[in-house]
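One chain, chain A, appears in both complexes that follow, with chain B as partner in the first and chain C in the second.
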Partner chain A sequence: MTASTDDDLYRQGSQYRLWSFTAAELSSIREKVNAHAIAKIKREHASQGLDDQPVEFLSVEEEQDLVLYYCGKVQDMAGVFKLPSHVKATAISYLKRFYLRYSVMEYHPKNILHTCLFLAAKAENHFISIENFTQLLAKVTPESILELEFTVAQALSFTLMVHHAFNPIHGYFLDIQSVFPSRIDEIGVAHDAARRFANDSLFSDVAFMFTPPQIALAALAMANDALIKDYLEVKFGRQSGLLEQLNTVIRNVRTYIEERARELSKERVVAIDKKLYFVSNPGKLRKRKADDDASAVNGDTKKVMTQKVADDLISES
Partner chain B sequence: MEEKAPVANGKKRPGVGRRDRYIKERKVGEGTYAVVYLGRQLSTSRVVAIKKIKVGQFKDGLDMSAIREIKFLSELRHENVIELIDVFISSGTSRSLNLVLEYLSADLEMVIKDRSIVFTAADIKSWMRMTIAGLYHCHRHNVLHRDLKPNNLLLSPSGHLKLADFGLARQQPGPYDVMTPTVVTRWYRAPELLLGSKTYTRKVDMWAVGAIFAELMLRTPYLPGQTDLDQLDLTFRALGTPTEQSWPGVSLLPDYFYDPAKTSTADTGKKSGVYPAPSRDEMRMRFSAASENALDLLCQMTTLDPAKRIDTRDALGSEYFREHPRPTQPELLPKLSKRDDTESDVKVGSNNTGFSGALRRRGKDDAKSEVNKERERGLADIAKKLF
Partner chain C sequence: MDGVSRIEDEVCPVCKLDTYMNPSMRFLINTECYHKMCESCVDRIYSQGPAPCPYPNCGKTLRKNRFKRQLFSDVAVEREVDVRKRVAKVFNRRREEFASLSDYNDYLEEVETAIFNLVNKVDVEATEARLEAYEAANRQAIATNASLQTREAENAELLRNLEAERRRQQRAEALEESMAEQELKREVERKVIKELANAREGEAENAVRKAVAAAQKTVQLKKSSARRSARDTSTVSFEAAALSMINTKLATPDARDDLPYDTLEEEEYVNDLYTVGEHYYDPFLDNIENSQQAKAAGFGVRNVYEQLLFEAFMGLGCFIENEKVRHKGAVTT
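== the complex of A and B ==
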């Protein structure tokens, strides 16, 4: 019989082998994806004779903010279909993983997110037929979702299994009860709050950098710091080195989750999306320039354009 | 026929490695769900099976069976689980999904049916050990196979047994999730499934292994029910009708209709009669060649109450695997005596024949050829004589 631990099993899995990185590796991947896309788009513009336009490309940070905004959209949409937490979490993971392979300048997340959610529902055994799926979404056709399915699956290197913090939270929940049977009410409250923090964590990069049990422990600590301190003391109090390590992990995970908890302003998203619009349609930039010159005389077209982009964004939901 | 995998769009992209190329050499099977080719990995000349999923057939995009197979086989690497070597999208007029699987030439059902082969107790132990070792690995990963049967246990040319066809597999769900009870091919379906349980566990796989163990000893299916009702009747006739006493909670299952106070079919008027559990002597008569330890393990695997049924870890540690004789080395296991060239010699599991998903199971049973039906009836008669 094999003597492998659960940790060994996790390390053999795709989430560790393909989708785990240090913070430095993560930023390097995103920079490469961004640079690769810019070079590709510049070549395309040149071949269309549009390279004379002063196109402003998106920065890595802008790309990430836009992806994050659409992660929120996945969350809203999963709510519309009443999908459970882990399906929603898997869809968000797919979206985040996809944008480690491609730039938002190559595939707009407003298209990719539908396919990610549709695929996640299937992969997590919550099948929704394409008719039912598209019926509830405005401006989305079955074709627009299905034609991207291969692209998404391939970008994910066909690894569809995603482990989340929800199951480990449940495991800790049971174990903490056995350690402190008299604190059951407090533990129940902490469990529910921890699930919400685990949900928040989907918007950060912690899933790329930490294991689900580590994220689960941090989420529980965010929910009730004192309870987790007591618990870890009982479990690991005699191994001060290990306890110190665990506390460091909890602190780090917590910092990453809290950093990403800040609200993304609508204005920023609209501004990024507008930039993205002109990256994809440099010809419009030429037109806008002409319009701008004209607008000195009759009205403000620029404002109209901004409003149009904002409308598009809002109508997505 | 020589379809090639694209080399990741021909460009270097961060994180996407260069793909191997494959060549499809010969079509060896076709169903509504997939076409199977014998092929080769060009960089290594390794012989592989390529299962090309017919994507255009499905209005809901990638088929659930294909998704499950890819999802689980990507994670499960074990010498007793079929290896998913690669996945690629073939170019061409219609893009399609291709699963590159290790080449396996036979399955356990073919060996069981080959009357010219004699099994020794050591051979049976070897197949059982490999089956349970593969299943142990799946269960450690929280994966339920949900369709174990002899023709999903494939045999490599070197005699190694591999679990295949993960088209019905799923993760052990959370504590509040429900699942469909319409899984597992009928003859290997655990009693909790027959009684409509929606919260079953990995023990459903162990039941199926028990039925396969019995089949290896009998050389004929153990419980070959002809309908779902017949399956229930056959199962309880063989192993006793469960009661609240023998299986706490059984009377709460959706399809449990037995009144233990009444003992004849006429009294209950439904489904099947109430049968007593078989005595040890009765079991000894049924499996005359089995050792006491083999019989112990079989009874533990086919315990009606899933909570009391043995798990894979304990099964691997059972006395049966320690006692003499030692399991036969895979290389020395009996092979098919004669090969029929018209028959496909690449095995990828049962769903390559064209039926995927639980809902199609019944269709699949119906679709069996008349010859097969006849064989089933014959076997059912033989099996019934055993009781």
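== the complex of A and C ==
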């Protein structure tokens, strides 16, 4: 037995063992999930005799965009319940992890997100009773949340502990103080800004590809590049290999976070959701086709249909 | 229901005598077939040597010296405990003998399978054969482990006795102390009365105050000296005993002595990337720092510092992109 480092400790945790991937692995998992779901739904359609319909399945990117949209919804709902940021972050992690096991074509995120938030509140020791939880949400019953709870927990392999970047940011806030005692104001401002960037990072895939301290350093660097540069120089100046690796990682994390900073357009989400609607109800496609033919005479049926799906999406979520 | 089973419990199924007729009746069982009978039946049937069990359809040959008291009211439990004891005598390997936990678990599973087979009468012959073969093959190791077990038990017993002895001493001391205190109190009272009797008029109050102060001083002096001497004697005897025990333990050769000494084995890991300071500027933690409740519970702001700094550096050096490449394809959906 040799003494193991704190890094080894992290390597033993579920976040590293089960939920850390390289970029290539991550995209291959998503492709597999997507392909698997398409094959499964095709079989189902065939068994219902609906395989003659030209169903358009969702692509990996479309799935991801939809999940992202619902991550935003989790954020909004966490605001409604006044949940602290780590609960919100855990709920978003659950949602993102869940969709590495299942496709949105199998479980619609509008159902999963409530269960994720409920489960996260429990796991993070911020319990909200199911009655209070459902009271504030329209069209949600205790049963609809609880019946998915096991499915979600199972998809998460029952690993409910999630490490976020918030605590490490706070830790660096303390440690930078001991390195540069005179720059305290600067550090305080950087800390507050870094928490916001850490929040943005929840919408990217960095939590799958980097460890919380690395994300924390990147968020701090986004807030105050010069400060972190000086800090790392003092801290790791002697270990040039590690310093270089850390700088590369920080650069990569920044790119990922900034990439995801753009807003999703509502139209794109509505379009994806419409597609998803026909994937789960191929029978409706037949009807639409008939309507389309009729719309040669009466041009606005299709438009009404699109409007209806959009309304559904907005009212349900 | 209760009444019926009570009567059944007290009637010998062989001679139908009950505890009403013979209040001193005791029931015995034999490990061959676990059929219950009273002591006098055992005497009557088996005094002449081995004889078949008197239960109908049993017919197992029993011997008198194999009869014993029933410890558990459920015969099935009694039997399982016996089997367990027997198997554990043979399969007595220890965790330290295995390189990995999974090896040890495999071994434990094997043992449990053997026990299950014997208890539930599955493959009894094969299992017995395995047991015998194992015993024959590992006679030396079994004996070593058995002696190790007895030594451990002895040590634990010794420690228990020492602890009990220490507690008894402490109790005696406490009692003595309280008696001495009472005696002192009485003495103070006597002194006060004496002072009062001797004091002139008008100075009574002063005299009493002086007497009480003097008496308190002596009380405190006596108390502290008594406590010191008591502590010295008790700790010395306990420490001496513990030391002698450790010495005897060191003198007896350990089974693992032949392993090379690993200097890192007991060394605690300290992350040298950071040190936890005494105080930081942190408006978030001010309320913990100033909270009486937190302090009373033994919690301090330093605990928070430690946790936060630990989390800040836990996994800093895990570069997933480099490390996970070798596991490629291991993760499936």
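Structure notes:
Everything that follows uses one rule, which is that the second predicted complex is superposed on the first by the 312 of 317 C-alpha atoms of A that agree within 3 Å, B and C clash if a C-alpha of one lies under 4 Å from a C-alpha of the other, contacts with A are read in each partner's own complex, and residues count from 1 in each chain.
The definition used in the following text is that contacts are C-beta pairs under 8 Å (C-beta built on N, C-alpha and C of every residue); 3 or more make two chains touch, one makes a residue touch a chain.
Fair warning: this is a prediction, and the values are worked out from it, not measured in the lab.
When both complexes are overlaid on chain A, chain B and chain C end up clashing with each other. In the superposition on chain A, A:33 makes contact with both chain B and chain C. By the document's definition of touching, of the two partners only chain C reaches A:7; chain B does not. Counted by residues of chain A touched, the larger count belongs to C, out of chain B and chain C.
Of the two partner chains placed by superposition, chain B and chain C are both touched by A:167.
By the touch criterion stated above, A:149 is placed in contact with chain B alone, chain C being left untouched. When the two complexes are overlaid on their common chain A, residue A:101 makes contact with chain B and with chain C alike. Once chain A of one complex is fitted onto chain A of the other, the partner contacts of A:125 are limited to chain B, with no touch recorded for chain C.
In the superposed model, A:231 lies in contact with neither chain B nor chain C. Contacts of A:158 after superposition on the shared chain: chain B is touched, whereas chain C is not. Among the options 92-100, 290-298 or 308-316, the segment of chain C that ends up inside chain B in the superposed model is 290-298.
Shared interface residues of chain A (contacting chain B in one complex, chain C in the other): 1, 9, 29, 32-33, 36, 100-101, 167, 170.
In the complex of the two chains, the chain A residues touching chain C come out as 1-7, 9-11, 16, 18, 20-25, 29, 32-33, 36, 100-101, 163, 167-175, 177-178, 184, 209-214, 216-217, 235, 242, 245-246, 249.
Contact residues on chain C toward chain A in their complex (touch as defined above): 262, 264-265, 267-269, 271, 273-275, 277, 280-282, 284, 305, 307-321, 323-325, 328, 331-333. Across the interface of their complex, chain A is touched by residues 13-16, 59-62, 64, 67, 70-72, 74-75, 77, 87, 89, 95, 97, 136, 140-141, 170, 174-175, 313, 316-317 of chain B. Against chain B, in their complex, chain A makes its touches with residues 1, 9, 12-14, 29, 32-33, 36, 86, 100-101, 118-119, 122-123, 125, 127, 129-130, 142, 145-146, 149-150, 153-155, 157-161, 166-167, 170.
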